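Multiple structures are listed underneath, in structure tokens.
What follows is a pair of complexes built around subunit A, which joins subunit B in one and subunit C in the other.
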Partner chain A sequence: MRPVAAKNVERRIKMKRIKVIKFLAAAVVIFIVAAPVYMLVCSSVMAEDELALCYGSVIGDKEGLVKVSLLPAYPTIHWFKTLFLDTPEFFVMFWNSCLYTAGILTGQVLAGTPAAWAFAKWKSKKKKVLFGIYIVLMVMPFQVLMVSEYLVLHKLSLLDTPWAVILPGAFATLPIFIMARFFQTIPDSLLEAARIDGASELTIFLKIGIPLGKAGILSIIVIGFIEYWNAIEAPLTFLTNKALWTLSLYIPKINQQQAGNALAASVVMLKPAVLVFLAGRDYLEEGIAQSGLKG
Partner chain B sequence: MLRKQRKRSSIMRNFTWRNSWGLFFILPSLMGVAGFHIIPFISVVQHSFMVPYGKEIVGFKNYGLVIQNESFQRAAANTGKFLISCIPILMLFSLWLAFFVRSVKRMNFLKSAALLPLAVPVAAMALIWRLLFDENGVLGNVLLGMGKPQTDFFHTSAAFGVLVFTYVWRNFGYDMVLWGSALGSIDEQLYEAAGIDGADRRQKFFYITLPNLMPFVAVITILSVLNAFKVFREAYLISGDYPHDSIYMLQHIFNNWFTNLEMGKMCAGAVILTGVIGACALLLQKMWKEE
Partner chain C sequence: MVLESFGGRMKNRKLAVISSIFLGIMLLFTIISRVRNSWLVPNVSSVSPIKSRLNYEVSGTGTIDYDEISFLPVCEGLKVEQVFYQTGEWVEEGQDVIKYEKDSVEEALLRMEIEKQEYRLAAISMEGDYRELMGDKLKLIERKENVLEEILENNCAQTANATGYIEKMQVQARSVTDGSEVVDIVFGTAFTEGTVKTEYDSLLNVGDAMEVYAGNDTVVGEIAECSYDSGAGELTLMIKLPQGQYDYGTEAYFSFGVQSESYDLCVPNTALFQDAKGAYYVLAVEERNSILGNRLIAVRKEVDLLAQDNDYSAVKGEITRNDKVVYSWDREVYGDCPVRENK
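Now for the complex of A and B:
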């Protein structure tokens, strides 16, 4: 009787230890993810002297080491006030970022959704070659595609206009790849039934494809927002007029002495991204998951 | 004559709305893709054989200049090294986490938490990254506490490590979700059947999980590579046009060619990279179609 009981106790201790380890692993992951973001938000409400005291050796010319405090000593919204009231260029950059993101996403949905539907549901051999090209383009880094894009934008004299960022982005191929994966999950029998009932391909797309593939469209909007809100390469390359720049290019250019302003601007830039992330978390996750599944 | 006519009419008959509707659906997107990438690429290829901004044909001279360029060699080596080191790290780490999330109850929130870094804009974190990795920064503090010398993580070869860390930090949630969906697609009955036959956990892993994950490896690799090229954003925002040698990537050299308007090198470089990356992508694509 006794050995069995001892074994049970041993097993229970072992189970408990595994549980603790797993809890610790989860805590470590969350810490690594959240700590930098927390540090940013925390620093943005620090007063000027506290910023100098804590971070002076990195952002100023003080000697010594960086000090990290868990909470700001005297939280203040001073930097946000300066940013919103005394920095008009901040608003220009903010709206530029909004304009480019919205323009690119609109283009991706309008041009990309029908294309993705055809790639998923059109029975043809020709499309395979085309889809192969789309996938290769999707993997290419911006710097390789940049040369071709530059030649076209130069010819159309669109350089240094918002179109220079919006048009190439609108025809990116990754969202088509993701949406096609969603459309593929719609059973063909449904479409056959509609065809027998005399529905045209356009009706099928509008009445069956879009409603059933809605999750795919929403997921590319979430993924695309995160991507283009964050865009650096295209505006940097195609826009020399600084009035057209985006937040991504503006924030790093803020003077070292005004670290507080930069921190506040960073937090304002972070907010829409986090809000879209929180609202669209499920679509983001589903979009990523679908792109990995076999078609 | 009659035959020709019949042939043409059969082509016409074949070209019906019923079987070619897809072309019209793809057309808007194709116009943009062809207009911005496929057609101008022909002109890029032409330019790569010509004198910069001229019409004279110089053969492979531009290619020679690119390949013999020391910066190009370094950038290519660094990019290759970066891809080879960060992608296995990311894929293995996220696979382990995906297992972890599946094996423990009430851990699904971890998946959402892990996706957060993906949403955080690079520019918003640039300053914090400096606070973390500067010579006097947080990590320097930790090193000092352990009795090791402080390092400036941006201007020494440690920059490479910072970049790998940043890539993994940003993308482990993404890959974790990919692996999660791959694991979810494995039929539970396989495990039950193996359990009845007396298989232990290790056997189940090696004989069921691993073989069933293989078809996903190709597509997850493609998506990880695509994200790896974006690490240029961090490198650029933190160290600018000319970072430490160890993180001078192909993206930097293209950027600098562009700034100096070196058209010949840029075109030849783009053709070379299109060839290499395209071949790899097609190979991976073929792998995942065949599995």
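Now for the complex of A and C:
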């Protein structure tokens, strides 16, 4: 029979081993996830020659494999200088992206919140059917709805206007689904109490629903921002006027001469998404958990 | 908990500040890049290609010359008293040119007579070709004799036998002639001869009028002869001048305006560019939809150069008469560069 102390030591060692394995596994995952971002940032400060040397086989005529460089040999801010001083097109697209994202998110909050409240709290026989349709629409990818959306926008003469991107995004079904899940967590007894106190349905929605469902609203803002900031299909399909294009379309063709510029643009483009993510990380996690989305 | 944490945490405040700074920087650089872009866009002037003929000025220089020449016979052993005209001077027919001393003329006449007698005696004893030769000599002496007699009759002065310019005057005053001196007068129709570029070959014809600047006068001459020298690669023109007195030997500048055949697309010479490979192109201004809105872009269009004068180039290629080609600019322009058009 082994003494208790020896058992404890053995357990501790086992725990330590598990911790180390977990740490190593996490490190590997972090490395895999962070490597593209690290390479992006590193490459954005590389000179054209070095870019050609490292990625010439992908973006140029060079043969062979990509050469991975952990640090740039001669860091330069040339591409950022060019981007910020000589590329007004980049800023046009940046502000277009800001406009569309803000418009879509505002529309989602204004239209989606009452809709989600209705789905969550109103009692109707047809509600389930309607919600089912919403869910079906939600799982449909953009490519499926693209033609019908295009035809509708064409009929409304909205093609080649900012509304062509903003309106379909503003009335997207996913935010309603997520917010409805949040609103469903509000106890009905609380609403009943408010009704007994004489509160109207609008008052209940504004005074109880929104404050308590604020986390859901914020989570759809964070999820929506990340989705629409990087949107590429809708602007590409519904906007032919280049002056209305978004930042995602700034890098249409990467070649050796433009590679540095594209990398610098990508770094700048990454920043708002990172800031929003950092600010709303908790709500993003919660939103994902509520919606059951993964990855 | 969640609601409290959203706005209350320092972290989020910092993020809000960072976001604001980021947006501020983006706004600032939006303005800077637009201003810079606007500053760097070249201002250009453009024009549509026109259907036109090209105007060539065929020009060259030559010297005034005359097509006839008359030699004044000079006998040997004459003492020259005075020479009235020098090389390059205009002389009328019958005017005294050289004056000799009377004694020397008479002596020369006497010598001629003796010589004549000697040749006659020699000719008697000769036969065949030698006799004929003697005969020719006698004729020459007789001609000289006639000249001397004319001089003697004309108060010992030799007169001009044509109206024209003294081309050569080798007789000098107070010298004794040896018979080898040349005195000649050029006369007849004045002309000038010069070379021009061979590319004008097809545009010039005998009989075409041409302006000639001779001395201080401008006259209209006529092309008398066009000859192509393949060795030198030059076209030599002989231009006949109208009747008149032109300073012999002076430089004459001639020019002739000719028009080419009609070309469909003519652009100003400054609108025609040539790349390092020698290919010709023009930059046409086209409105294109770009990220910065509708912008004017200088689009490179390949052309072939057909002909060129001092102002215009006839071309054919990717342009039409509806295009507007860049012909002046305040900054460097190149293919696909944005431009601003001068109104």
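The definition used in the following text is that the second predicted complex is superposed on the first by the 272 of 295 C-alpha atoms of A that agree within 3 Å, B and C clash if a C-alpha of one lies under 4 Å from a C-alpha of the other, contacts with A are read in each partner's own complex, and residues count from 1 in each chain.
One rule holds in what follows: a contact is a pair of C-beta atoms (placed from the backbone, for glycine too) under 8 Å apart; a residue touches a chain by one contact, two chains touch by 3 or more.
Being a predicted model, the structure only gives us computed values, none of them experimental.
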item	value
Superposed partners subunit B and subunit C on subunit A - clash or fit	fit
Contacts of A:Thr237 with subunit B and subunit C, given as first, second, both or neither	first
First (subunit B), second (subunit C), both or neither touched by A:Gly213	neither
Touching partner for A:Asp86 - first (subunit B), second (subunit C), both, neither	second
For subunit A as apex, the angle formed with subunit B and subunit C - C-alpha centres, to the nearest 10 degrees	110
Contacts of A:Tyr283 with subunit B and subunit C, given as first, second, both or neither	second
Touching partner for A:Met146 - first (subunit B), second (subunit C), both, neither	first
Larger contact residue set on subunit A - subunit B or subunit C	B
Minimum C-alpha separation between subunit B and subunit C after superposing on chain A, in Å	16
Contact residues common to both interfaces of subunit A (with subunit B and with subunit C)	none
Touching residues (chain side subunit C, partner subunit A) in the complex	2-3, 5-6, 11-12, 15-16, 18-19, 22, 26, 29-30, 32-34, 36-37, 289-294
Subunit C-touching residues of subunit A, taken from the complex the two chains share	84-95, 211, 214-215, 218, 240-243, 245, 271-272, 275, 278-279, 282-283, 286
Contact footprint of subunit B on subunit A as seen in their complex	22, 25-26, 29-30, 32-34, 36-37, 39-40, 43, 55, 57-59, 64-66, 68, 107, 110-112, 114-115, 117-119, 121-124, 126-127, 130, 132-152, 167-168, 170-171, 173-174, 176, 201-202, 205, 226, 229-230, 232-233, 236-237, 247-249, 251-252, 259, 262-263, 266-267, 269-270, 273-274, 276-277, 281, 284-285, 288-294
Residues on subunit B engaged by subunit A in the complex (per definition of touch)	17, 19-23, 25-26, 28-30, 32-33, 35-38, 40-41, 43-44, 97, 100, 104, 107, 110-132, 134, 136-138, 140-141, 144, 169, 173-174, 177-182, 185, 215-216, 219-220, 222-223, 225-226, 229-230, 232-233, 236-237, 250-251, 254-255, 258, 266-267, 270, 273-274, 277-278, 281-282, 285, 288
